[in-house]
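Data block below; observations after.
A, B, C, D and E label the chains in the order they appear, each numbered from 1.
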Amino acid sequence: MEIGLNHYLVLSTLLFAIGLIGVMRRKNLLLLFFATEILLNSVNIAFAAISHYYGDLTGQLFVFFVIAIAASEVAVGLGLLIVWHKRHGNIDLDHMSTMKG
Amino acid sequence: MELYLYLALFSPLVGSLFAGLFGASPRTKIAGVVPSLLLLLSFVSSTVLLIYILSGGEKVHVEMMTWMATGDLYIPFGFVVDQVSVTMMMVVTLVSTVVHFYSIGYMDHDKGFNRFFSYLSAFVFSMMILIMSDNFAGLFIGWEGVGLCSWLLIGFWYHKESATWAANEAFIMNRIADLGMLIGIFLVYWNTGSLQYDHVFATVGALDKEVLTWMGIFLFIGAMGKSAQFPLHTWLADAMEGPTPVSALIHAATMVTAGVYLVVRANPLYDLIPNVGLFIASLGAFVALFAASMALVNRDMKRIIAYSTLSQLGYMFVAAGLGAYWVALFHLMAHAFFKALLFLGAGNVMHAMHNELDPFKMGGLRKVMKGTFIMMTLASVALAGIYPFAGFFSKDLILEVGFVEHHYIIYTVLLFTAGLTAFYSFRLVALIFHGEERYKLFGIHPHEAYKFMLVAMSPLLLLAIIAGSFKMTYFEMVTAVLPATEYHVHSTIAYWIMTIGTQLFVILAIAFAYKKYANNKVKVPDGTSKMENRLCYKILSNQYYIPYIYEEYLVKPYRELSTVFWKQVDMKVVDATVDGIAGIIYAGGEKTRVMQSGNLSTMLKWMVAGTIGLLSFAVVFGLAVRYSGEIKTILSGLGV
Amino acid sequence: MIEPVNVSLASLNLMTLAPMLIPIVGALLILVIDIFKVGLDKTLYVSISLLFLLMDFSALLGSAGVFTQDGIMMGVFNVMLIDGLAILSQFIIVGASMLFIPLALTHKRFHEFSYPEFFALFLFMIAGFQFMVATDNLILVFVGLETSSLALYTLVAMHNRDKSFEAAVKYFTMGALAAGFFSFGAMVFYALTGSVEINQIAAVLAANKYVDIGYVLVGVVFMLASFGFKLSLVPFHTWAPDVYEGASASMAGFMSIVPKIAAFVVAMRLFEFLIHSGVAWLEVVLYTFVIVTMTAANIWALVQTDVKRMLAYSSVSHAGFVMAAILIGTTQSNSALFLYWILFSFTNLGSFSMLWISRQKHLPEHQRSDHTYDKFAGMVQTSPIAASIMGLFMLSLAGVPPFALFWGKLYLVSSAVTGGYTVLAFIMVLNSAIAGYYYLKLIVYMFMKEPIMGNDGHIYVANATIALKTIIGIAAIGTIFAFVTLNPLLELITAFVYNSGY
Amino acid sequence: MLNHILSILIFFPALAAMLGFIIHKDSIRAYGVAIAAIEFSLSLWLWFSFDSSASGMQFMEHLPLVPAFGINYILGVDGISLFIIILASFFTMIGIASLTDTKNEKNMIVTLLFLQMTMAGVFAALDGIVFYIFWELSLVPMLYIIGAWGGPLRIYASVKFFLYTFAGSLVMLVGMLFVAYFYYQATGTWSFAILDWYRLILPESFQLWLFAAFFIGFAIKVPMFPFHTWLPYAHGQAPTIGSVILAAILLKMGTYAFIRFSLPMFPDASVFFMFPIAVLAIIMVIYTAMVAYAQEDVKQVVAYSSVSHMGIIILGTFALNVEGITGSIFLMIAHGVVSGALFLLVGVIYDRRHTKMMNEFGGLAHVMPRYATIFGLMLMASVGMPLTINFVGEFLSLLGFYKQSHILTLLAGTAIIVGAIYMLAAYKKMFFGEVTNEKNKNLPDVSKRELLALIPLSIITIWLGIYPKPILAPINNSVESIVQLMHDKSITNEAKTRIPNLVKGAEIAKTSEQGAH
Amino acid sequence: MFEAIAFYLFAFLTTVMFFIAVTTTQALHALTALAAGMIFISAFFFILGADFLGAIQIVVYSGAVMALYAFGMMFFDTTRDVKEKNGNKYIVFGLSILAAVLVVVIFAAPMVTNNIVALHPMIEGAGNTQELGMVLFTKYLVPFEVAAVMLLVAMVSGIVLAGKKMDLSLTLMSDAEIIDAKKEQHKKVL
């Protein structure tokens, strides 16, 4: 049973879908950020797999940059959460709907 | 001669403007005298022109300036004085001069004295344009102009609801006819390429019969309105709300005859379409009888005379329709004299009776108003057509025309109408001047009119008596332009039988009228007498219920439909659609703005949902492309 | 074994980096200054930023000159791509930024401007956008995008009030999701073609004759979702109104222009070749996007009670309008996109600046949000000139000639007509008509209603300084006299776009 | 200076308006009157220097605006536009002169001067886009006039006015872009110049679509049934001066545009749509006349009467022959004068009583005889009495259309009946009868300032009714060239026969003459 | 064979871990599951021969990012049960499953693409890290530097946002309050 590129792609998609579930159902912002990490990670697997099967390094480079981006996002995201938490004492997004319409 | 033409034409205008200057100022005699004198000038000029024409002069034709010119259309202000128009000019200027002078007295106490003369002279001016114009467009100017003046004058006492109502009715009814006229003019233009009479009548011969028929019909529709022919006749009786001199001038002598003038003027056209002519004649005969019948029972002095006018107009149309244009014109002239006289007399009576119009409330006035009595009686005699008064010559001639042209039904109708005419005319005279002095019951103290008013009326009296003697002179003159058919009953015996028979019939009718109404037993009817409750009386006194029908089935529905159009259609359909579209868009915004709930989770869901939506579409599309071959096979297998 | 690499410096074409490096240097300079001396006034930083932006602008002029002579330039291992699109969009980015920066010099003090970091982040963000547009490598696009986005989230939050935090968090979270979509999309393209460079992708796909259309579509879907977020296409637009409301008015105006033009350029690079290869699916989808975005945003804007939110929806609608250019995909439409956006930036920045100078710190009781319509009632009576200028911007946004945006609409609709999208053209103009209503609503409030009790008109200019007035003046002049510069502008844009192969 | 007189006519009032901002509000009226008078004399000068015998464009100005996209600033007048420009400046002048107490007078006058700019611009523009600019721009001052000085529903009315017209003209804009594109395809260069467009011969199917697109824009402006419902609101709510200019000039933009754009550019489509449009026009005439009859507010009567008259103008335009088109252009001017005057008259009574409901009045002829007289004169002009200005136009329009259809003309001709009905009814309600309302007993008659506006209008009404030639002749020349152009351009046989060939007709006449000799 | 077993094993493990991470109500469980998932992912990298990525995956994600999150969690005090109102679970799962199914439908199909030319082919005999370094510092030098800028931005942002200066909002203070606050600050400094 040969593991082909498609296997990895399907896996990546499934993980991406799990990430989407998290994005949609998490109300706690911190946990919601977890889900976005899952999204990026799932893509990373696919990139690495493609890179592997095509014998091309670009995919791995992409992963490299994605990881960097994910790290930066964490920094900014946590920064935002901290300010919000300082003011409101929670990080629940249901409390965050003063603007609408 | 051009100078006289311009004098005749424009002096009424000057008079009108002069009086108009005083329009807002209080009553001044001068505002009445100057226009009257100017009209006299116009009359004199017309006379000069008449003499010139009579002495065999060429017709006077001037083109003052261009009015409208565009494309191939060229309409000048052109005026022509020929045998026909000069006759009309004479009639118009004479009657209006008389009426003007008369009005100085009649309107003496009226607040709108100045205004009145302004309108009246303006009317004369319009009438002059109507008859002197050398083209249809000019005719139409006059046509509408007299309509306007008629509106102003009928509604002269604008504080009276009935007067303004009648004015509007007259104007609108005339407008209906004017539309026909306008269409007629369009037809003329597009078929002959011009509106000038000489050019048009020179070319009509070459046109299709059908086109000519339509032309004739539409022009005649115009004539029907102005001359108040059935079914556009109701306005004339209502127009009696205006001051009596107005009725005399406009609604008896001049304006209402414009229709006849039009048909006479367009004789080359109508000669080519005898069918239409016959229709005109038949309608004329019908109106003659129809109007006379309504006059029989009416209880309004002026209305009776108005119906009489209507009836006589019917006579004229019979003549014109049967091609006896000169006869029609002759009767027009004669009628103008005695009918104006009659009206002015009625005006005197009204003045005396403090605007009381019901002849049943008068009686025995001959004692206090001798002059008026004589004049009105003579005018009635002329109207009835007793020899040797004017009416005899003109009216009997029309009967003869009917007989000679073998339209016996028309002849019979007209003959019968002649009897009716005599009856109602003398019913009126008898009720007013004879019998018991019923007016005393109402506490009125009648008095004779000013002397000079009677003097002013006298030319008309004279002409009502002697006009008949001009018949041959007139005939020779007009036939230069009109078909010179002489109408003679071939058998002399038949002629005498007819003439004498008619005279006897008329005299009998007069006698009957006197017998019935000139005695002391006449009472003011109170709606209880047996006769008043008869069906035919009711029909007649309600004018065959025509005004009622118009009101119920035309005016009211129009008003209601208008309201429906406004409130239901315009507001609730057209406008509501526009607002509805806006409303739907706006409501769409209100309804869907909940999508923006402000909750981040919802927002994320929307994003994901959008992506998924796109994905599903992509998958469907991708699969379709990938399996396009298979899909095609399946579809073809299914027979698509 | 790995061979040593020999690269000649000349072949790197380092000049292509100059415009991006300038703001980075500026930002670093600001950070350094701040290290040495704390508490310097914001005017200093505004001037420095402006100076560096100016240098950036002149560097761009240089690039433009080179481009007109030599055509498209690649640089630094062919990662940098300086073509007409890149130059034009950078002009817009830098130009709009130059208009934005002086808005920091408000009369009242606002939190963000007390940070030197604000200006540093701002310049970093500009550099990020510049990188984003000046490459066709999806990696650099992604990195540039994230650089600028992260800075932007922070800038929004630095306004330092509850609403701006909320806005920043919403923006950030959705941005993170969009980043996920972007990487997924890039992954699909990479899987398909083994490349992350758009030109290369296009070439490979064309060589394969799009056999894997399903894969392509999946990639396109995720890219669309990602750029849909950035361009605020419905239904990915939901952040826009909230973020605009939460951010300061000036920042909202900035956001309505600069990030979007960057995204437009990338979208143009990415979708144009797909459209031209006859991917009917994409055409249908973009068509739907354009129509839905225009219409839905319009009808939502209709029902807003706050001017800023209305302008937010209006910006969404405008983005949809301009998206049509990408759908049409002709040289004329792509030129129209830039023309439209240049004119739009003047007008929209102007109108947001007008809101900015009327910004209150403490709202009276009857006023629910910062810029309710009521607030502007009867403005013409108390400050007629301000009202006239605001009215001018509204008319321009509505597309009333001869004001700036009319010409953009004209040219864009014309490109729809020329491109054969007749129905689209009609839908576009009808949407302009709907949009007329909400712009008019503000005019109605300003000119035809009576002021609310106790409004002496001071609030409309409470925040005004010479700098702000100058910016508004520039915007107003640009809006009114756009037609003067239209011809050279149009010729320039068309030449640039055409020579870039679009 | 004469070379640039059109530009001066357009931009002088605008510049003056800008300066107007700095003038003290007590002196603004004098300033406004002076500017408007100068503007009017400039327009008269234009008339005097106008060569009436020439049919083409005169005083052309040409300035490239966006040459890359074929947009140029091209101006010019011919007989068709000349008089509407004069009329516009005239109405601005008397409008300002007769302005009664208005709050924010300064804003009003400045707005009016801006409006004057846009009006002059619309009629002088010979470039599609320039035309469109002024066309749209004219909405803005009118929006402000209605919205700021109007009645209780003023905001609804003004917004409705603006959006409705705006939406329509946007559709028209798409049409223009199409034409420009077709021109581009045909010649390889972009051009929005109307005179260039005239040279473009389009296939019939394109013509139909383009005609429809232009039609929506124009029809809303005119306004044609069923797009007319903004008008009663606009008129009902607008202040007097707004109604006057709206009725006198702004509505004419639509009908003018039909003649300037639709007819010469799409002759075949014009013929194709002639009957449907004629039917719409007839509905306008009769239906709105009936609606007018049902009104309770005298201003609404006049407003609906405008729609009714515009129906005749449309009908004349689509007669597609010289008589009809000349008539319709003349009627535009005539209707401008008359309806303008009528709105002024309504304004007079509104100023006194602050109501326009007819049942509030009655017997005014007693109290205000001069007012009643002038009103009566204008009423008669409105119902098309010969020797007043309206008749010439109505007569020619109907005459022209009669060539195309007898029945429809007959139906349209009912205008003279239904028009009389509502007008007379309204006049009767207001002026006749006894003075019943106590408030009306002591109303002052027309004041001098009001006469200042009304007398000239009355004089024009009669003068041009009697002697329309000075206006008719230049119009005729220009119309002849347009009709000839239409005939030459038309493709279908239907159009060739419907649109007369003036040249050929003349030739035949010549040859037959020679034959006769 | 070994590869297949490894793939399925780790696929199963990551899926489960991530699933737990998005569904559990225990924040701590979520964090742990996420960290575990990340580490399992690095296993894929090793399988696929991307050793360098595997290393930084563990270092950056499991080390840095997870540490940050753990810190955040303590700061926000979310170590206890997380109460989340989830009104419409079906939408969430429906959408996600639909997404997965849709993509899988396409991805399960074989790619027919055959024109792929490796732009940066793997080099025989060089270590993964070396290879990457080669490409990163030539071709991807600019993105690398930009990424550095990005990290700087993130750092500055983090500092600014989490900094004390954000506690007082000049935006919300009137001018007078700002002056007062300044004086206060001076005192503290002195």
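Here is the rule we use: a contact is a pair of C-beta atoms (placed from the backbone, for glycine too) under 8 Å apart; a residue touches a chain by one contact, two chains touch by 3 or more.
Just so it is clear, the model here is predicted, and its values are computed rather than measured.
> Keeping to the contact definition above, tell me which chains border both chain C and chain E.
Joint contacts, listed by label: A, B.
> In the chain contact graph, what is the shortest path length, in steps, from chain B to chain D?
Each step joins two touching chains, and the minimum needed here is 1.
> Taking each chain's centre as the mean of its CA atoms, which one is most distant from chain B?
Most distant chain from chain B: E.
> Going by the contact definition up top, give me the pair of chains with the most C-beta pairs touching.
A-E
> State which chain is most central when centres are taken as means of Cα atoms.
Taking the mean of C-alpha atoms per chain, the most central one is D.
> Report the inter-chain centroid distance for chain B and chain E in whole angstrom, where each centroid is the mean of the CA atoms.
For chain B versus chain E, the centre distance works out to 98 Å.
> How many angstrom lie between the CA centroids of chain A and chain D, rounded to a whole number?
The computed centroid separation for chain A versus chain D comes out at 65 Å.
> Averaging over Cα atoms per chain, report the distance between chain A and chain E in Å.
Taking the mean C-alpha position of each chain, the two centres sit 5 Å apart.
> Where the centres are mean C-alpha positions, what is the separation of chain B from chain C, in Å?
For chain B versus chain C, the centre distance works out to 76 Å.
> Touching two or more other chains, which residues of chain C qualify?
In chain C, residues 139, 143, 146, 150, 153-154, 157, 169-170, 173, 177, 191, 194-195, 214, 217-218, 241-242, 303, 437 touch at least two other chains, as defined above.
> Residue numbers in chain B touching 2 or more other chains?
In chain B, 582, 593, 596, 598, 600, 604-605, 608-609, 611, 615, 618-619, 622-623, 626 touch at least two other chains.
> Quick check: what residues of chain D touch more than one other chain, meaning two or more?
Residues 163 of chain D each touch two or more of the other chains.
> How do the chains pair up in terms of touching? List each pair.
All chain pairs meeting the touch criterion are A-B, A-C, A-E, B-C, B-D, B-E, C-D, C-E.
> Considering the complex alone, what residue numbers of chain D touch chain C?
Its residues touching chain C are 64-69, 107, 129, 132-133, 136-137, 139-140, 143-144, 147-148, 154-155, 158-159, 162-163, 166-167, 170-171, 173-174, 177-178, 180-181, 184.
> In their complex, what parts of chain C are in touch with chain A?
Spelled out, the residues of chain C in touch with chain A are 138-139, 142-143, 146, 150, 153-154, 157, 162-163, 165-170, 172-173, 176-177, 179-180, 183-184, 186-187, 190-191, 194-196, 241-242, 245-246, 303-305, 309.
> Which bits of chain E are touching chain C when the two form their complex?
Interface residues on the chain E side: 103, 106-107, 109, 111-119, 123, 125-126, 130-131, 134, 138-143, 146-147, 149-150, 152-154, 156-157, 159-161, 165-166, 169-175, 178.
> With touch defined as at the start, can you tell me which chain D residues reach chain B in the complex?
Spelled out, the residues of chain D in touch with chain B are 160, 163-164, 225-226, 228-230, 287, 290-291, 293-295, 321-323, 326-327, 363, 365-366, 369-370, 373, 380, 383, 385-387, 391-392, 395-396, 398-399, 402-403, 406, 409-410, 413-414, 416-417, 420-421, 424-425, 428, 431-434, 466-469, 472-473, 475-476, 479-480.
> Can you check the complex and tell me which residues of chain B touch chain D?
Per the touch definition, chain B meets chain D at residues 23-24, 65-73, 137, 140-141, 144-145, 148, 151, 155, 158-159, 161, 164-165, 168, 171-172, 175-176, 178-179, 182-183, 185-187, 189-190, 558-559, 561-563, 565-567, 569-570, 574-575, 577-578, 582.
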